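I am attaching a structure below and will ask some questions about it afterwards.
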Amino acid sequence: VSAEGDFVPSKTGAIIQELVADPNAVYQDTITIGVANDVTTLDPQASNTDANMMAFELTHETLVQIDPATGEIVPGLAESWEVSEDGLIFTFALPSGVLFTDGVTPFTANDVKYTYTRAKDSSFASAKVSDVVDINVIDDAHIAITLSRPNQEFLLLMAHKGMSILSEALCTADETNGPTIGTGMFAVEEWAPGDFISFVRNENYRGGKAPTRHIVFKLFKEASTRLIALQAGEIDVCIDPSTIDLGYIQDDSNLQLIQTQNVVMLYVAINTTKPGLDNVHIRKALAYATDKLSMIEVGFDGKGTVHNNYINVNQFGLKKDIAVYEYNLEKAKEEFALSGYKEGELTFHVMTDKEYKKNAALVLQADLSEIGINLVIDEMETAALKSTLNDPALNYELCIYQWTDADGTDFTVRNMYGSSMKDGVLVKNGSNRCVLTDATLNGMIDAALVEIDTSKREQLYFAIEDYLNEIVPIVPICTSYINIGIKKDITGAVWRPTAKHDYRFICIPEK
Amino acid sequence: MTNQEANDLILDIKNLKVRYETQDGIVRAVNGIDLTLRKKRTLGLVGETGAGKTTTALAIMRLVPDPPGIVECDKLEISGQDILSLPENKLEHVRGNDISMIFQDPMTALNPVFTVGDQIAESLEIHEHLSSKDAKERAGDMLELVGIPRERANEYPHQFSGGMKQRVVIAIALACNPQLLLADEPTTALDVTIQAQVLELMNELKEKYDTSMIMITHDLGCVAEVCDEVAVMYAGRIVEEGTLEDVFNRTLHPYTEGLFNSLPNIKDRKAKLKPIKGLMPDPTNLPVGCSFAPRCNYVSDACLKAQPQLRSISQTHRVACTAYDNPEFHIERRIL
Amino acid sequence: MSETLLDVRNLKKYFKTSRGLLHAVDDISFSLDHNKTLGLVGESGCGKTTTGRAVLRLIEPTSGEILFEGKDICKLSKNDMRKQRKDMQIIFQDPFSSLDPKKTINQIISEPISENKIIRDKRKREDRVLELMETVGLAERLINTYPHELDGGRRQRIGIARALAMEPKLIVCDEPVSALDVSIQAQILNLLKELQEKMGLTYIFITHDLSVVNHFSDEIMIMYLGQIVEKAPTEELFTNPIHPYTKALLSAIPVPSLLEKRQRISLKGEITSPINLPNECRFAPRCYECVDHCRIGIPPLLEVNPGHFVACFEHV
Amino acid sequence: MYRYILKRLLMLIPVLLGVAFLIFAIMDVAAGDPVYSVAGADATPEQIEALREKMGLNGSLIERYIRYIGNLLKGDLGTSYISKLDVMKVYLQRLPNTLKLATLTMIVAVGMAIPLGITAAVHQNSIRDTTSMVLALIGLSMPNFWLGLLLILFFSLKLGWFPTGGSEGFRSIVLPAITVGTSLAALLTRTTRSSMLDVLRQDYLRTARAKGVSERNVIQKHALRNALIPIITIFGVQFSNVLGGSVLAETVFAWPGVGRLVVDAIDQRDIPTVTGALVMTTMLVTIVNLLVDLVYAFVDPRIKAQYTK
Amino acid sequence: MEINQTNRNQQRATKLYKKRSALEDVWRQLRRNKGAIIGLILIVVIILVAILSPILLDYDKDVIGQHIKQRLKPPSADHWFGTDELGRDIFSRVIYGARYSLAVGVVAVFVALAIGITLGAAAGYIGGKFENVVMRICDIFSSIPSVLMAIAVVSALGKSTFNLMLAVGIASTAPFIRVARAAVLVVHDEEYVEAARAIGMPDWKIIWVHILPNCLSQIIVQATLRVGSAIIAAAQLSFLGLGVPAPAPEWGSMLSAGRQYIRDYSYMTLFPGLAIMLTVLSLNMLGDGIRDALDPKLKR
């Protein structure tokens, strides 16, 4: 991450807390954030979209959290923790006197147990607690969690917003509304799905109040409209303005452009079980025919970085010098020739949802037609696309999709490429969009997970990447930038490369 | 014409011409007619469809739709008042007040969204400046006058039968005691028994209010019932006019004769009908000579050359037929 | 030859309406001989058209028998009925709506011929059309014109030609001249008369114009509110009307003559609604001779003179 | 009259049942099993089944339909698959926005259309007539989302007079109302004109003139009231279209109305929301139509007579 | 001279003999209407463009050929309407797009027409229970706003050109049912239909020979006017991303793609928008003209 020009380094939580700790400071009452995607649920275990994560960040807390600056695990709701020597038992010390935002329900160790048990039934959270075999409430302030095997990334997983602590009492009383209440710095005030959601600050928060009283996420689906709203002063923050319009922010003396490289990898997911696509030469031909630079040009107005790896840019074990499939139609044709298919014989469908993905698909379509492969673009709504991907029938061929690094490298490779044994057969893991069921690869992933020596572990991930580079289950395309337009005097927000920004301390100091 | 007679003149028209300029050509609907009408007299205007009867009446009301209608006239006076030069706002005082018109089709002549009482009261409010309450009261009187219970004033036209609607139309026309009433086929759309009722009513009212009337019809039977004088129109011209007796008993024009011969005779049911052959000429393309010539049994070369002018045969009786250039000429019709 | 062509017995036609059962034709019986004309007279809405249509089974009668040449056409199947139609035709009142505006005269007149497969050859069919046109007095050159290009009289002639095309025995003429000018009316009446003589046609002639019916029919039937009130040979009816309604009708005819001033009988009010009728003489509410016992029921149609039937309690 | 209203309201029932069934059937055919999109990538088959049950997606189409109708009768439109919120609540949240937009749109449209249409009819074939008809044609031919974009381009970006979207304040409703109102005004102008032309040919206007009624009153009193009837019809149809159908304007202007709700819900395969919102919209549309019919009766006594009998 | 005269007479006679169809009549009326003629010329040009565009343009090269380096160029001599986000020539795309929009409009209306006329005519003629059921179904269809209806249908059937046509067609069926039924009801009571029955013509033939031809004019007018609204409806769906799949140059999807560039590259939305407007405008002008020509009330 460079700090030139518009690039603004993220601030650590500590700095922020210092900044807003001034008891005499006065802040603007309400901050309105123009968002592109709707908050769809207030139950942390019911979804994992960026938009929802940002809401949970305000309303809920996890036991531990990641320091945005250092990437280190720091205390969250838990005050401290201990790990047993074998790495299997995690004991957390919990604060007392904490209330949920309904203002009456006290937080206890039982709530942690309840939350983690409930997570096992959640299709979104269950993978994170799959290693947990026992949860032992020692007393009101202590809880011990036992794992089935050592997991170097366990705390990282527990920092995921999907593991936000819920109240057992509230959840059992009201199954729908109970999970929406957390111990966070804010509580939901009003929610009009499709329009806005507003949060009001938790006046009883144990670490001191948030500087801003109300935070509103207002939905603007149209990027250009969203930016205009910022320029007109209707909103204070504009998430993800159209790259083509960034100049308007830079030219406006009242506004500031926040730009950081994101860790969202755009890639072509290949269903390797489909005829044609099960042929590695065809997949290599796809890789050679992918004009990543043009895709960046068209999709992000040139503001992006070509990505050739199979894990995300800032993840542990990224192999910088991985062999690259340069865009080269001649090579693509050679590979195609090797596949044994004839020109015009293959037609693939590629699923897209967003406009920039469609544009990437259009570029790919034009190039593939050069080597004799027809590409049909199926534009779908996000929900339909997701359900097609998730449907065990796996009725798709190609898909332009994205992977956001939020968790560890193991989580990424295991989910994107791994499979697990069920009833004697290998079944792909949830996010394994390329439908790989490769025992060799699984072995490599498992080995890397348990390796304690960091450099050896890094080497193991390099090997995994090389292995993947040979079988080409996906074609990585690029990462782009997080762009945010804000009012100049806004401060306190943590702009994350995962696009899951932290607004807890966002504020505009009154002069 | 004596002075007395001139003072008596309710309607005086000279050389009225109306043409409709349409996309299909110029329809010459009325081609230079003169009409006079004295007080308390009723004139029957008779002729086939398209002869220009309605158009004449509309021209008198100055209601010929423009476009496409164009009216030309040398003189148009009602009770000595020149109607031709009146501006539109003055005309509004004349219409419904001095002259009224009963329209051809009672089914469409009433506005479906207002009560019949309101529709009668409207002209009273306009011309007699009555308050709406008084006007309603008078409207009720008018309804009773035409034989409809006054309670029905609050009903709408669709609640009335054809005969009652026609009476309402008559009530509207008579509301302000006009000097001249133009009745355009007031009974054609009605059943015989109702027709008789309406004709009787009109006769009564005419007596009561001393109204002069032009009765437009193609039914010679009706003419015989109510009219004092008759004018027979053919293709926009008057071909014969005179008193009722002149025209009925001393028929002169071959067309008038043809009309009588076409009617089944109620006394002699075996008698064969003698229709006029052929059809009315195309009004966009009238023949040069006598318009009736192509259908006339007595046609001669002279008929085809020039328009016959109206000539007086007696003091009251006039005819437009070239054949009467020959003093020997007479038509076949004999009165039974 | 005076044999019965049509015998209608207890014909009823009721319509269901939102306000109740509408008695359009309520139990009428009559018979009609070959080559004769029956005039059907009455006020608007009294059921003349409905009678005519029911007799041809263009609408299904509610009940009753219609014997045509002795066979009950109400019992015929749809197919047989279609064949039967050849013998019974109709001419409509409105010469404007009774001709399909999208068809040429040729098509209109030849339709019944081709439809009933009378002449299959197209050429010959056209010859027949020309022949028919000549019969009704239409110029040959009009063969390919459309109805809207013609005047009412000519259009009515087309309607007649169409009815004649199948050489029917019975023609129902539903006010064929009331939309026409007197001069044209006379032309058409003469034509119909001629055709009757030439072809031995039998007519049911519907009209509300008594002078026309007087001129045209052999026998007259006066209808009031769906029922026959009086039926007699024409001469008899005009010289000796019995039913008060008939008398009023006759006196109401405006006569284009100054020779006699007749005494007029004027009726009050108008024909009542044919829905939910009380069980009394239908004419009673308007009758100027009405007495108490007129209201006890519906008067039967009884023969007072040979061939002269009247339905009135007072006068029979 | 009351019986008529009651009858009409009763007729609503089969229509609503039909609408619900139609939507059910359509959404059933739709690609993408909603369970999978709700469940997420890592769901196990057991979790899927549990979720399916919880979402009420188990059983055949007919079974689900019957269950839905059962709940509907209790006034329960179900809860959204996505937000887990009560559909009724969400719908009611959106409704005021839609009503606001629809009302203003209609006011704009009617305010423009009726005077324009009357003028055009009264001065048939004049310059005024031609101009207003050409304008109306253009208004009718302009896709309203494009018009919306142009309005944004000009009034928001170039001039900065109105915001480009949002639902706060009067200023934000102006552009959407103009966008939706334009094509409507165009349609209404044409209807007014042709209806007026029709009426102007009627004999009863001649009767009125013959009575001595001034030309102004002939038009404004006698003609207009009769001409209103077809105008009301179009008004009714369009009002109901605006109620549910101004999706495009809502999209362009980020106006959180009912149309947008339905479209988003369709995107998300949120069947309860789609069905619920459409059922409610249908109900509203029917009620609006009923009101329109009652207005008819008010304007035209002949129609009133039909209702009362 | 003499001969000439008789010749002319003969000509006149044969002319009278000649069949003058109702179509000719309509055409004569239409010719007098300036707006209709402009509309007709425009629509003919647009249809020609649609038909000829594959000959004039190379689809792969001109229409979907990408030139990323040339992207987002404003109108110039090389690119009359500029280039889009993929460097494609907007002019070529607008020209080629006529094919899609017209096809969608026409096919959609055809679908609606086919369903609508069959159901509507049958309902009108048969009456009774059948009519009731059809009309209730019609109510159901028309109480769901048609855009929403079309959206639902497309998302159910999946995005494709054909489904788009089908969806727009189905969504606009209800008015056709209504029009057809009303027209049939009017004609049904005409005396010439009764006359046809009187000569023993079977019902189906009466519908086919007498009723439908007489309703046709109304239905044609409806259809012409509805093609315009179908084009707009299709464009709306495309705008919502439910239209003709990429990279086909459908106008609505071009508008949709152009909208995020509206601030700096407004020509991307201007030209496809104008194209839609022009097409619909000319259809409306023509449709109005035909309606006026067919309406006997307006003849005089």
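Annotations for the structure displayed:
Read from first to last, the chains carry the letters A, B, C, D and E; within each, the first residue is number 1.
Just so we're on the same page, contacts are C-beta pairs under 8 Å (C-beta built on N, C-alpha and C of every residue); 3 or more make two chains touch, one makes a residue touch a chain.
Keep in mind that this is a model prediction, so the values were computed, not measured.
The chains that touch chain A as well as chain C are E.
Where touching is counted per the definition, the chains common to chain A and chain E are D.
Relative to the C-alpha centre of chain B, the farthest chain centre belongs to A.
With each centre defined as the average position of its C-alpha atoms, the distance from chain B to chain D rounds to 53 Å.
Between the CA-based centres of chain A and chain B the separation comes to 92 Å, rounded to the whole angstrom. Chain C and chain E have centres, each the mean of its CA atoms, that are 48 Å apart. Measuring from the averaged C-alpha position of chain A to that of chain D gives a distance of 40 Å.
Shared interface positions of chain E, i.e. residues touching 2 or more other chains, are given as 155, 158, 259, 262-263.
For chain C, residues touching at least two other chains: there are none. In chain D, 30-31, 152, 157, 251-252, 266-267 are the positions where the chain touches two or more neighbouring chains simultaneously. If you check the complex, the residues on chain A that touch chain E are 222-224, 242, 244-245, 248, 294, 297-298, 355, 358-359, 361-363, 365-366, 369, 376-381, 384.
In the complex of the two chains, the chain C residues touching chain B come out as 43-44, 151, 153, 181-187, 189-190, 208-212, 214-216, 234-235, 238, 248-249, 251-259, 264, 266-267, 270-271. Those residues of chain E whose C-beta lies close enough to touch chain D in the complex are 35, 136-137, 139-141, 143-148, 151-153, 155-158, 228, 232, 235-236, 239-240, 252, 255, 259, 262-263, 266, 269, 273, 276-278, 280-281, 284-285, 288, 297.
By the touch rule above, chain B contacts chain D in their complex via residues 61, 63, 88-89, 92-97, 100-101, 103-105, 108-115, 119, 122-123, 126-127, 156, 158-159, 169, 172-173. Per the touch definition, chain A reaches chain D in the complex via residues 38, 40-43, 46-48, 121-124, 126-127, 176, 191-195, 218-222, 224-225, 228-229, 232, 234, 380-392, 415, 429-431.
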